[in-house]
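Here's the structure, in structure tokens; my notes come after.
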Amino acid sequence: MKSLLNNIKSRFSIKDVTEQRSNLVFIDVARESAVPLITYLRDYEGMTHLVLLTAADWIEENEFQLTYLLNNPEQKFDIGVRVRISREKATMETAHHLWEQVATYQRELKEMFGIDFPGSPGVDKPFILEGWDDLPPYRRDFDTKKYSEDTYFPRPGRESNDPAEYMKKKMYPNEK
Amino acid sequence: MSLKDILSPFTAWKHVVKDPVTIKDPFTREAAERYRGFHKNDIETCIGCGTCEDICQNAAIDMVPVDGIETRDGDSGLRPMVDYGRCCWCALCVDVCTTNSLSLSNHYNWIDEDPDQFRYIPGVDKKEWDTNEKGWKKPEGNYELYDINRVKMEEQAPESRDDSFIEIVKGYSKEQALLEADRCVACGICTATCPAHMGIPEYIKAIRNDDLEEGLRILYDTNPLPEICGRICTHKCETVCSIGHKGDPISIRWLKRYIADQHPSDQYKEILGTRDIELNGKTVAIVGSGPSGLSAAYYLALLGYKCTIYEKLPEAGGMMRYGIPEYRLPYDQIDKDVNYILSLGVEIKTNTNIGTDITLEELQEQYDAVFAGTGLHMGRSTRVPGTDHQEVYQAVDLLRDVVLGKEIPVKENIVVIGGGNVAMDITRTLARLQKVKFGKVSIIATSLESEDIMPADREEVVEAREENATIIPGWGPTKIETEGEHLKGLHVVKCTSVFDEEGRFNPKFDEEQIDYFKGEMVVESIGQGMDISYFKGDIKENLKLDNRGRIIVNENFQSSIDWLFVGGDIIQGPDVIHGIANGHKAAIGIDKFLGEG
Amino acid sequence: MKEDFKKRTVITPEGKPLEIDPVKDYFSDARPKVHKPANPVIEKFANWARANSLWVLGFGTGCGAIEMRPLMTPRFDAYRYGIQWRPTPRQASVFVISGYLSVKTLKRVVRTYEQMQNPKFVVGLGSCTINGGMYWDSYNTINRLDHYLPVDVYIAGCMPRPESLLHGFEELKKIIKEGRGEGANKYAEEFDWYKANQKKVIKDWDMPDYNW
Amino acid sequence: MDFGFKHILYALLTVFIVLNYGLILQGIVRKIGARVGRRYGIRWYQPYIDIIKNYAKRSTITHGVMFYIAPVFRLTGGIGLLLFMPVIFGSEIFSNFSFAGDLVLVLYFQFFGVLGMALGAAEGGHPYSAIGVSRGLSQVTAFELPLTLGVLAIAMQYQTLNITEIVAAQQGGFLSWTLFTNPFATIAIMFSFLGAMGRSPFDVVLAPQEIPIGPPTEFHSGLLGVLQLNRAIFPAAKLILFMNLLFGGATSWPELVVKTFLIYMWSVFVGTVFPRFRVDQSVRWFLVVPLTIAIIAIILIRF
Amino acid sequence: MRSNILNITEDRSQFPEKNAEGKIDVDLSSHKYLKLWQGPQHPGITGNMSLELTVLGDEVMDCETHVGYLHRGFEKLMERRKYIQCFPIVCRVAVPEPDFNEYCFASAMEELAGIEVPEMAEWLRTLTLEMSRLQSYLMWIGGQSGAFGSGIIGQWANYLRDLVLDRFEELTGGRIYHMYQLPGGVRGLLPDGFKDRMEETLQTIEEFMSDIEKVMFNNAVFKKRSVGMGYIDPSWVDKFGITGPNARAAGVAKDIRKDYPYLKYDQLDFDLVMGKDSDIYTRADVRRRDLLLSVDLIRQIFAKMPEKGEIKAPTPNVLHWKVAPGETYSRAECTRGEYGYYMVSDGTEYPRRINVRGPSYTHAVALLEKMIINTNIADVAGLMVSLHTYPPEIER
């Protein structure tokens, strides 16, 4: 793994390397080098198995984080390639040509996060949701509880008391 | 493809002659012993802390009032109601239950046409599974979802402390405080019980978040004496703490002290935002600088009143300074709290006795309102034969003399009558003086109440014993044996019960069992009385008292004389946190009174 | 709306333009009718038969479907109580809503329900059908089944055990025998209310109101 | 053949008995299948309740005239098959409308119902129906070929196209049954019988896992009730046919019950343990195995 | 390699001609093609998904997978639940095998929080995972035979599964959703007599499995339907992200239990179950042998695990458990392949993001869409079941 890291450090601009476990390393790279890096990892370093591709929303920093988790089935270790992209009009280069399932992942990301992957097959087709007209639901600023309460009529008749407030009210009725 | 492939499947037919494996009567089949079925709740044990509601990710549990369950200290009077349109039977509510009252039966069957039926209050609404013994219970062993054991507090060892007045409790380090704060389930049962209604879960949360400035702000919302309270509060909150039902209660008092300890007093104004307070031009006189007086002064000062405290003794603090030994409450900590209050523009006039140096009438003329929090500074006597002897002392007097630096006539053998905290204070103070003077401790403290109902804090008793004092509860004094100038000892008789069935003080004795404690000095510590001789003339005439001689005040602590507010121990009995709460409410009352006028 | 469902104009072999509205062509938009029960004696006999021949539609809408297999296999063998599978809605009489309904499934469920023949019964299985269950705050699952379909009986649980399901079916039988299983008529009577609720949550409503 | 009013009553009685027999047989056979799966299975009278339930449905929708007629066609196929062959040999009451060429008519009725169904199902408009029908037709065609050849072999053997005569020829001890006198034809016919009964491995037409129950997908309520009646009568009629052709017919009802039950069990015996063939596989199988045997039977008869 | 109506052996995967996008041009109005939807209401579909098939006669020309019927938004829901509150909901991601979710979630969280799980709890976790594998395979075997029209296997297999569920009920208190592997440990020791009853169950399973082998695997018709059907080329394994039995049946040794030993798998003695023909039959056979391996592993676990011990490590108060910031990925071998949880913590009481990687994600969409082309409609269900797909883990 050491030599692999050295190899990619000499070839790509790596921002940061985090060693999570002896067999799991996360690499932060700039957006431009992400797809070339995973292509390189797949073709030259034996990281032939794409475990997953997913995103996380760092809304405070106004960025999305994309994680391509790659696995080396021979030497049994994983590398997570992390890329930060802007939340505004989020787009990312497609990687569907590398693995067949990437198109599906990208389709999901487009739908659930609103990250576009121009050129990815079927990326604009709805995947899971149907007739969705709100924010992409996995974004942090989408409030699922509020949406649910507004849309799906919770059954009435439920009300709860906070023990502290209730006790104060009961035991000291004169105090406000 | 072979002949075998065609023939071998027919072997399946051998099953046609075997018995079906079907469960013959699925309608009465019982679930497994541990099965998670519908909820049961022992409502007598349940305290309605709502922790089950907190952990329920389905929002399936509501805390609702229940007929027949009264709200009282340590019991919110609420009980969980479960909505089976939400429940997922994960049983985390059972595992997290602070009283182990909640459990699941292994009953699984509930069919109904009406979707609004699927909710009920376990234990209250009778269900067929209430008597079902099987079902999910919290796993045994060390299985807890939170730590039920208190983080150990470092203290001075008994050997190193029994001859000095250095503070015993060292206070929590950050790691310890974080661990201790983590134990809190934030139920809020303590909040109402605390006379000052301190935001206990909130400031504990601030500790967890390591946001101690926020913690300090929460403390000062309801309590301007956190350093003091963090040490000597009677912590009624800890008594009712829900975790205390199956483990140690959260050490709320020490966590409060931890917050206050972390901030030097010069940062207070910055943190609390009290740098610039605009005066509103009105003035209030406060008689007595005890907890209620200081608390009233603080909250009035925040509201812009100009306050002046009149104190009889040389320094501020009242009973906190003159009634509590230094090893429990060091003077510098009192100063820290008091000085901060004074720094807000509160003026203090020490060595000023109301009635002699200045009269109440004069105060009335000079100020818009007066708050009196003069406390209980007179010891009460048992009035058994021999109490008029010169070697019989009052605990409050002795404690005050210690602080004032007067010589204390310590004898080799001492008997203390009383089982409260003051008794423990004087016992341990005298024990220290004995150790210094004679090199050994020989002091007996005896109380009417038996060990389990002694009013003193448990740790006080334990620590006193660690310091070699002898505590013998359950005896009532009958006679002090004297011999001229010398005192010989105390005759006692076994006390069988202290309170009658209605809870009134009415001790019963077993005359058969008697004992005799030898000693050259007896200290009485069975309670204190108030000295309200400064109310004179018209004021005394107009002041309404109840039949037991106590001043009647309304909920704003306003007495029958509208400009006179009274609070603290003289209203509520001896308790620092009550005093603080009184002072706070009186401040609000004064503001209301003066705001209207 | 899907491309296939949009209105379009085709040229007939005669060379004339012809407008096609696939939605109208594929589905019916006639309102459902209230079917009055027949005379009491016949109805009683019919109800007995209906109760003892519950054909359950094989549509596992949520995770509850997993307990259907034990139910219909040797261990619990619901067949002996007159409960059978039916793969097509046309022939089924009982619709078991096995748990939560996502909006996407709800649309299919409504369609499927409407294809079933009167009288038809709905069993709400699991907490999710009662008040949203553990997905009470999910943006994609409905909370109360009775807002969208008339429900005859609910079975609490997450998941209800097969025994509970059998109890539920017994309860349903009782309801049917007592002549209270009139969900289909209720649906017809309060059709507009149900439709409004359905339309509120199903955002891409690309079918007529009633489509059998 | 004199068509008297009496005969019609007799025929109705036959239909009634066979219908009930068919329903009970259906229930019992399903129970036996369930036993192999180690469970109790349905109540034996469940098919009755199902039919009543379906007739008691309040609403029916239609897809057109053919949609209504198809179940009637289907039922006609079943009843027609039954009515043109002797049920109890030698009984005047239960010999039905057997006549000189009834064997031909009976073979036609085998096919008739399927055709009617095909028209109706196609009108139902459901793609699964269409697929089911196309599969059904190809499979029927495939097993009709060996069946027809087998029947032909029997007709040639007995030199008649009258079933009553064929049965009569088989009287006198079980060794005179076609089963023993013409085993190849019997084997060919019994293989075709597997297909005719629509059980595994030849149930791809109704295959619930692949195309939910095929042609009858859209049929419901009373229409399904009619189909269910047919589903009771048709197999029973087929069983009687095969019994008459191969196993010496029956001279009494108990004999009929025993024989037909055992014949039925042959298809159950195979069907319970085997998965189903795809339609191309089953067609190929019919065109290879039974057809070859049927041809051998014909050739043997010729010589 | 493949089979079709006319049994033409040349490669028909390019028939009909594909356009530039790799799709065929379908003009439905030509009446040459028929659109056929399998699902969501369809008995041959496992779980709730639908396949949009374009068929020509009985042959599938094109297929598109539609999912989302079971979408509950788990990953979103978990973001607004405290860690402990995620624990009851993770098992709902995959109904047939809730335990792998519980394990992956708990282990990811424990890794980030730095919690060491007690020995006994690890053994019990291993036990539940193997029991879970057992019952999942048993359900699958019923589905696989059912998809080809043999009901009897499904009856037996579901009975066996029910026996395992009974054991689960005794051990965990739940039949389907066990909610047993709490972060930090497990929620109970073995009940009295559990081992004996489990052994009895295992014997029944072995007994029935030998019957199932005779009736299902030595069955002319089943072989006819499955041998040579649904071929997966070993080179596709990486290309499509295929894992688990599907990969092993293609001769690619992939098993997380061996490759990345977790829990107590390093102390258990077993060999990978491999196949080489990579068709439906081989995959079924690999799963059958894997099932028997689980039986063996459960016996080994019983032999090796201690009698008593701590079941839960002390954890912070679960009501406000803050997990140290960081990211990790925790995986386990489930019956369908690699199951994994990718967890991002931002140091608060709530997870920042949890992504569930279910093996069906790749198997049921990209792979199925490719494999289904030019097969018979009748084979679609069998093919799908042979990949052992389960929709909820695709859409979560």
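Things worth noting here:
Letters A, B, C, D and E mark the chains in the order given here, with residues in each chain numbered from 1 onward.
Here is the rule we go by: a contact is a pair of C-beta atoms (placed from the backbone, for glycine too) under 8 Å apart; a residue touches a chain by one contact, two chains touch by 3 or more.
Computed from a predicted structure; not experimentally measured.
Note on connectivity: the fewest chain-to-chain touch steps from chain B to chain E number 1.
Minimum number of contact steps separating chain B from chain C: 1.
Distance from per-chain Cα centroids to the pooled protein Cα centroid is smallest for E. Most remote from chain A, judged by the distance between CA-atom centroids, is D. Ranked by distance of CA centroids from chain C, the top chain is B. Here the CA centre of chain A is 37 Å from the CA centre of chain C. Separating the CA-averaged centres of chain B and chain D is a span of 88 Å.
If you average the CA atoms of chain D and of chain E, the two centres end up 42 Å from each other. Multi-chain contact residues, meaning those touching two or more other chains, occur in chain A at positions 128-130, 137, 142, 144-145, 155. For chain D, residues touching at least two other chains, in rising order: 34, 36-40, 208, 212, 272-274. Touching two or more other chains at once are residues 58, 73-77, 80, 85, 87, 104, 130-132, 134, 136-141, 144, 158, 161 of chain C. Per the contact rule defined earlier, chains pair up in contact as A-B, A-C, A-E, B-C, B-D, B-E, C-D, C-E, D-E.
For chain C in complex with chain D, the residues that touch the partner chain are 28, 33, 35, 45-46, 49-50, 52-53, 55, 58, 73-74, 77, 79-80, 82, 84-85, 87-88, 90-91, 93, 117-119, 184, 212. Across the complex, chain B is touched by residues 32, 34-40, 269, 272-274 of chain D.
Contact residues on chain E toward chain C in their complex (touch as defined above): 29, 40-43, 47-48, 68-73, 76-77, 80, 88-89, 92, 95-96, 139, 142, 154-156, 158-159, 161-162, 165, 175-177, 392. Residues of chain D touching chain C in their complex: 34, 37-43, 46, 49-50, 52-54, 56-61, 208, 212-213, 216-221, 224.
Against chain A, in their complex, chain C makes its touches with residues 103-104, 107, 130-132, 136-144, 147, 197, 200-205.
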